[in-house]
Amino acid sequence: MSHNSFGHLFRVTTFGESHGPALGCVVDGCPPGLALTEAHIQPYLDKRRPGQSKYTTQRQEKDQVKILSGTFEGKTTGTPIGLLIENTDQRSKDYGEIKSKYRPGHADYTYDAKYGIRDYRGGGRSSARETAMRVAAGAVARRVLGRGIMIRAALIAMGEVEINSKMWSWKAVNENPFFCPDRKAAEEMAEYLDGLRKSGSSVGATIEVVASGVPAGWGAPIYGKLESDLAAAMMGINAVKGVEIGAGMGVSRLTGEENADEMRMKMGKPTFTSNNNGGVLGGISTGQDVVVRFAVKPTSSILTPRLTIDRKGKETDIRTKGRHDPCVGIRAVPVGEAMMACVLADHMLRHRAQCG
Amino acid sequence: MSHNSFGHLFRVTTFGESHGPALGCVVDGCPPGLALTEAHIQPYLDKRRPGQSKYTTQRQEKDQVKILSGTFEGKTTGTPIGLLIENTDQRSKDYGEIKSKYRPGHADYTYDAKYGIRDYRGGGRSSARETAMRVAAGAVARRVLGRGIMIRAALIAMGEVEINSKMWSWKAVNENPFFCPDRKAAEEMAEYLDGLRKSGSSVGATIEVVASGVPAGWGAPIYGKLESDLAAAMMGINAVKGVEIGAGMGVSRLTGEENADEMRMKMGKPTFTSNNNGGVLGGISTGQDVVVRFAVKPTSSILTPRLTIDRKGKETDIRTKGRHDPCVGIRAVPVGEAMMACVLADHMLRHRAQCG
Amino acid sequence: MSHNSFGHLFRVTTFGESHGPALGCVVDGCPPGLALTEAHIQPYLDKRRPGQSKYTTQRQEKDQVKILSGTFEGKTTGTPIGLLIENTDQRSKDYGEIKSKYRPGHADYTYDAKYGIRDYRGGGRSSARETAMRVAAGAVARRVLGRGIMIRAALIAMGEVEINSKMWSWKAVNENPFFCPDRKAAEEMAEYLDGLRKSGSSVGATIEVVASGVPAGWGAPIYGKLESDLAAAMMGINAVKGVEIGAGMGVSRLTGEENADEMRMKMGKPTFTSNNNGGVLGGISTGQDVVVRFAVKPTSSILTPRLTIDRKGKETDIRTKGRHDPCVGIRAVPVGEAMMACVLADHMLRHRAQCG
Amino acid sequence: MSHNSFGHLFRVTTFGESHGPALGCVVDGCPPGLALTEAHIQPYLDKRRPGQSKYTTQRQEKDQVKILSGTFEGKTTGTPIGLLIENTDQRSKDYGEIKSKYRPGHADYTYDAKYGIRDYRGGGRSSARETAMRVAAGAVARRVLGRGIMIRAALIAMGEVEINSKMWSWKAVNENPFFCPDRKAAEEMAEYLDGLRKSGSSVGATIEVVASGVPAGWGAPIYGKLESDLAAAMMGINAVKGVEIGAGMGVSRLTGEENADEMRMKMGKPTFTSNNNGGVLGGISTGQDVVVRFAVKPTSSILTPRLTIDRKGKETDIRTKGRHDPCVGIRAVPVGEAMMACVLADHMLRHRAQCG
């Protein structure tokens, strides 16, 4: 058991705090003989990296990853892959207020309640900075999955702005700073978020992650369900409060006739006429796209003062200055992809173990 | 690693199929010295038991649980608790159609894709009958948690009928066959579901589970988050497709000002002015109610014929006769409670291990 | 984590006490499609069963195993295999003395120190009766391993009597009640043990387990070493106090020249000129026989009174009457085989997971 | 599951190869609030460090450990502790022979058989250099255990030279380069090993590890036995081929009268008149010293040519030059202590979890 590990056979263990010397991660169980260098990992980190547009925190971190072990002459050896990112922009500053006051919406109070001690610099271990290592691990997972499986994510709602799913373009996702698949919605988001940003506010978002090419048969029944592991993976991302597979929370409104995805043969292969199940039935993949959505709450660090208490139990208020993402959901997009990749790589190996 | 185990320190392992001789479960890690007899478990099983109203399947199972080990003179000994429920109503019948055709919405196709073999009698391992053992394990978990923690669940939406949360009455929950906390909505549900039942259709539902009395500090950061384990627990229940904590998917629409739960002191104790976080911040409990919702899809077994294929890849259709729940979400209510109890008992022990 | 589970991908969880209603076990992770009925398991249980000669306890247990789940029409389905053995000979008796006094060499005192409560009937959970379920699980493991891998064990020393390894005959093992591979030594053991038995004494033994046909490449480095898992497996058997692989404790006396097994080619395949490594190098199998030995301490229940204390901390003495094995090591022979089978089945699946 | 992690609640994950940029380790589950800086760890690493006498390899590694996370202002925070040691003496050399030939007694052949790829530089992952991280983790484990528990180890046999246990002096252990507790035997070892070293040979050794102050009640029955975890821990150290607890393999020769440790009261506390059980009964600690011995095989790298084959299956021979320990068992002494500390810290937390 480990609170800081994820996965069973493709197993990721991370460490590091926001303002410590470095973040690191150990990827264990990776099959041998796969091509893997820093160049396979860095592009995904760059996608998540802060400071790339005015819509994300202006903290400047290069997030340069180093492979410390587990490869030889550019190939994985089957031994654990150690990855390290040194923290470079640990701006020295006065943490006086954060040190003694609990920021509403943050984990300050709960860490203190649990551990009685807390690295308050930038949120310490609870900082979303940890997700950099998830993205790095996800890049390794993609090597395991190979070219046949494509994992992509997009931001489909931000506050009042929702996309029109008929306008979905995967190409568009890479053309705007929101990873939004609907060009028109992206324009609206730009204006909307700019207003929020200037007022020192923040907003939530919904992300959809889609994995194509997953063969039928991955996953497992009961407590090893693909849905279960995907839900844990996404709900484990900072600030996530809801997870849906396929028709998601909406299944509550459907009748049996509407919901059940009917089956047909297409070019000799079983297909489905719809995908309400989100590519998973009874915990096991159907061969359709695996579709997961998750909702990210608004950044809790805002300029408007909020009521709170301090470590001594005195009532007070707090106004969180500093460099923050007005919509932390944006940078959760590559993180969602990474978690999907890690879950699938794990289940690929688990399936191979049991079923050959 | 186990596909059929749940939890780490309070660890539940189940076995058994719908139409096999018995279902069983091993609860490992239970603290010693707790009073535990069948009488502590049976009432929860009775709540979930089928055939109690016209709204649930008419299959008659007594679901009589036997404790096979782990207790002595009515107390837990710290050794594994073996629980067994014998299947009594395994009505002998012709499985011919289910045997060769895949029922849409069921796990028939995916089990075959994974294992190449399938116990087709009543869904085999994928049957919701397995949840009886979850309920039994949950009853043991409640003994671990003690009287200070109260876990309750209610059905808050069924198809078109949603409750008015202002009308919430925990007392009402036990007065109608739907576990609905809104008496008026319960009446609407009765009429609504009766219509669906008679037409051989089915419908989805939303369940809310609330745990009161959980102290601040349970849970863990990163991959051991309480949210993450709750999401896995609920998404692992049969037919669940969405999970929400606190404000859930709705956080996408909130601003930072609206979302962050402010803090005040009340009678010398930290409190919050709202509970959008659902009782968990950064993976760790806040001391507020832990609030989880999940959506259950409509029963896939319906009378209207649906398009499908058979094991040989031939297109056909299927009409699922037999005894089925028109809204399987109803019986998911005690299951949701049980999963909440198991997650909390596990985290209680995990917290005690690390923090004393 | 589970104190009552063994293995990772081929995962065995047991429950049950000596004098409870039943012993049980869940075998999870078994590949689908393997022929498995009670007839595949029972012969191994019969080999371990007590009361078959005057050299083992006269307790009469049929140890009749029932498969409760995980198979369909005689084949494994990939879902968890539930196994049950009902206890039939729970002779009603006065446990008065055992109830209040700690039997030296038994786990009475330590269970009380740990749990503060203890099922004292026949040792409860600490009884070697639990090993029946290991033997059952081992029989399933053998199905996973297939015919290419042969696992055999023999008793090679008992008190003062040691075998002459030059006289080793696997055939002889099944011809005497000690599983002794040396016919002459078996005769000596008969006489020697008869004397001990009559005087109410007991004696220790050494068992050797050999697995042939294990391919090179199973196992893993560091903490997943085959040696490490074999050591845990054997040391986990009741009353075992030492484990050796290959040259074992004797390597302490060897020089580098004597110890290193040299390599040659034989019919196009790598071979070794000796097997000091016991078939494992650096945690990974070499393709040679995997050879493990373990030492079982003498039965602690003897007729000679021993000094002890009671639960209240009063000094006293105890003389353990009842039906006991004079050499519990004899019945550990099939248990050692079973643990070897479980370890190898687990590593077979682990290897397949990572290396395809 | 992880091949590179050890422990359950006090969980250690290591990475790194002999000649890679760095070795690292993540210690997860450490309780918060413990004083921990590099100064608590470094002394143990210095004890294991090579190049300190002519009896160990002349490779010069400073083994300077850095804490990358998990502490704040000199105290543990409850978050994962990342530890790093950079490799500094990666002497550039021609690996030609090792690259293509399998060194007998090493894991060269088995790594290739398993992974099909191998970092041959200094043994890669199979190098005993990994044990530096075990020692670092062990130092953290000692912080968890606190001052009440003392863990010490000594080398008690080397080839032909065995200690006289009556001459045991813990003080002597730190006065000779062999960690030998018998001053006279240490002198004999010096002469004996010098001869072996000069001739380019090597020899095995036996190490005894003793933990004092362990309270009664730690450990667990069946598969969570303290003996079982200790056996796995010690057998997982490089080159170890045998593990004994208490009377060890010798129990085979004992009668029940000789073996069972009798109990008396001493100053109001239960004590034992002997310690054949090595401080563990039925998997649970008795309160006596926990005593474990393990045997380390001779260094496989020797100057005398040995028969072997190359990667292409051609017969050849090999003579291993370079800087090697003539008795690798010497440096296994601090490693054995570290593994004992890790096992005990894990069981301390496991006990606290279940029994409060």
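Which chain is which? They are A, B, C and D, in the order written, and residues in each are numbered from 1.
Following the convention adopted for this analysis, a residue touches a chain if its C-beta (ideal position, glycine included) is under 8 Å from a C-beta of that chain, and two chains touch if they have at least 3 such contacts.
Source: prediction; values computed, not measured.
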If a chain touches chain B and chain C alike, it appears here: A, D
Pair joined by the larger number of C-beta contacts - C-D, A-D: C-D
Where chain A and chain C are represented by their mean Cα positions, the distance between them in whole Å: 46
Mean-CA-position distance for chain D and chain C (Å): 26
Distance between chain centroids, defined by C-alpha means - chain A, chain D (Å): 39
Contacts with two or more other chains, residues of chain C listed in rising order: 1-5, 8-9, 14, 29, 32, 78-79, 114-116, 125, 221, 350, 355
Partner chain A, residues of chain C touching it in the complex: 1, 9, 29-32, 78-79, 221, 349-350, 352-356
Chain D-touching residues of chain A, taken from the complex the two chains share: 1-5, 8-9, 11, 13-17, 20-24, 26, 28-29, 32-33, 66, 68-70, 72, 75-82, 84, 114-119, 124-125
Contact set on chain C toward chain D in their complex: 1-6, 8-9, 14, 102, 104-107, 109-111, 113-116, 125-126, 130, 157-160, 196, 201-206, 215-225, 227-236, 238, 240-265, 268, 270, 273, 276-278, 280-287, 293, 295-302, 304, 306-309, 313-315, 329, 350-351, 355
